[in-house]
Amino acid sequence: MATTRSLAMTTEELSAYLDEVFPQVRGEFGVDALAPGTITMRLNVRDHHLRPGGTVSGPAMFSLADVAVYAMVLSMIGRVPLAVTTSSAVDFMRKPEAGRDLLAEGRLLKLGRLLAVGDVLIRSEGREEIVARASMTYAIPPQRE
Amino acid sequence: MATTRSLAMTTEELSAYLDEVFPQVRGEFGVDALAPGTITMRLNVRDHHLRPGGTVSGPAMFSLADVAVYAMVLSMIGRVPLAVTTSSAVDFMRKPEAGRDLLAEGRLLKLGRLLAVGDVLIRSEGREEIVARASMTYAIPPQRE
Amino acid sequence: MATTRSLAMTTEELSAYLDEVFPQVRGEFGVDALAPGTITMRLNVRDHHLRPGGTVSGPAMFSLADVAVYAMVLSMIGRVPLAVTTSSAVDFMRKPEAGRDLLAEGRLLKLGRLLAVGDVLIRSEGREEIVARASMTYAIPPQRE
Amino acid sequence: MATTRSLAMTTEELSAYLDEVFPQVRGEFGVDALAPGTITMRLNVRDHHLRPGGTVSGPAMFSLADVAVYAMVLSMIGRVPLAVTTSSAVDFMRKPEAGRDLLAEGRLLKLGRLLAVGDVLIRSEGREEIVARASMTYAIPPQRE
């Protein structure tokens, strides 16, 4: 969707802004690809993301989905630090493969004045099987102009 | 997904089976397209699906998403009358347009031994905007061979 | 929650209003109990709610949860016909018992200016076991004063 | 629910087991209260849980809900390391208060042979307002006897 609108931020601006607002996770997430209404977001898997057996934890996958949808929203409307997640639904389908980053393919399904909705599919890098599916709703502060 | 597996039922067999197990809604749903792992399911909108203003009700959209994922599962594994929905998440994004059928584009994200997961996007026929998004998990009875 | 606020509508006013805005389902739902922030809503089970085997269908349970949360919101803020469901999540846990009405126990978890959230537990009347769990988010039109 | 069944693990055994299987988060979560079918789980809020402004992040709340339901399941069926989250839905309703731990009140809604379902309400310690609501489904490995 949203193909008739253009990006409000470049990949570089978006990455820099995410590092600025989420300093605790600086370097964990990367924007591999960005276009109006779609994104590929990477989780640079590190030890603290792992569960016994070497697979990425559920909360780490939740984070990846959350930041992917947030980044898609920001890329369209610009810097809105107060946008917050209001609802989320995640299905965990398979174990991620040990030793591989996770990639989230996101698409923006709605970009309204007050609510934005996106969903993502998460895979281990280089694999076809879907590891998790997530949908996220963001509330956008009304006073945004 | 599931492109390496073939269909266990044709569109005609699937439609006949849905009419058989859901006699109350006979004629309400139609299979417009079917391939391994994907489906296009139609809601033939009737008066009792409508809310004031002529838009399709939320429960009618829930039904459409539910039957679309159920049909995808059956199309792959054959007649399993006891498969049941265990979890669902639906986001309603826009009002459906009055006077138009709804089309659900479904994809099967996981077809495991015990659980199957699919998601759908619902649109008013002939429109690009997404009306609703749904994901559904089905439990498959273990004794299915 | 919301115990410091009082009801904006009586049970009778609420029931009459639901019949008015949802004429297609008149008589299907009943308000058994209402207090600020909680509700007991009944589904008067009829043939068209049933699946083979005599159990209530998933979409009928979705409807019950949806109208229960909607009714709680209206009971607090008064007649707001344009409030719409934006997100929902339902877990189906057991088959409802044949030949019994369903009762939904709802509680309002948030009543904000723009969004309201409630959840419900659904049981077959007279039974302890939970049949389904649902949470629903409603968007409230901004121009409501 | 589940009041007719007794606990399979004490609070101490449960806490020790969680530390053993989730060594990365040792000390972050605590079991404040445990009974058959209910739990109070604490998130000892630390710097890396926080977002700008001092509020706890969404992923940290997801983790709290996830571990609370997992702990309830384990407390009833004993050590089952392979139980995995399959579906989750979380609604974020208010900002947690800065400088306070989070408490999750969980209840087990279903404990089946293959699936367990629980939900939680999360609050800032000492506050009445609900910060988040979550429901989680766990798949239990079939070979558990």
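Letters A, B, C and D mark the chains as written, and numbering starts fresh at 1 in each.
We take it that a residue touches a chain if its C-beta (ideal position, glycine included) is under 8 Å from a C-beta of that chain, and two chains touch if they have at least 3 such contacts.
All values derive from a computational prediction rather than experimental measurement.
Interface comparison, B-C versus A-B: the pair with the greater number of contacting C-beta pairs is B-C.
Ranked by how far their CA centres sit from the centre of subunit A, the chains are topped by C. Annotation: 24 Å between the Cα-based centres of subunit B and subunit C. Subunit A and subunit B have Cα centroids separated by 27 Å. For subunit D, residues that reach two or more other chains under the stated contact definition are 86-87, 89, 91, 93, 137. Those residues of subunit A that touch subunit B in the complex are listed here as 1, 87, 89, 91, 93-94, 109-110, 112, 117, 119, 121, 128-130, 133, 135, 137.
Per the touch definition, subunit D reaches subunit B in the complex via residues 86-87, 89, 114-115, 137, 139, 142.
Residues of subunit D touching subunit A in their complex: 21-24, 47-48, 50-52, 58-60, 62-63, 66, 81, 84-93, 95.
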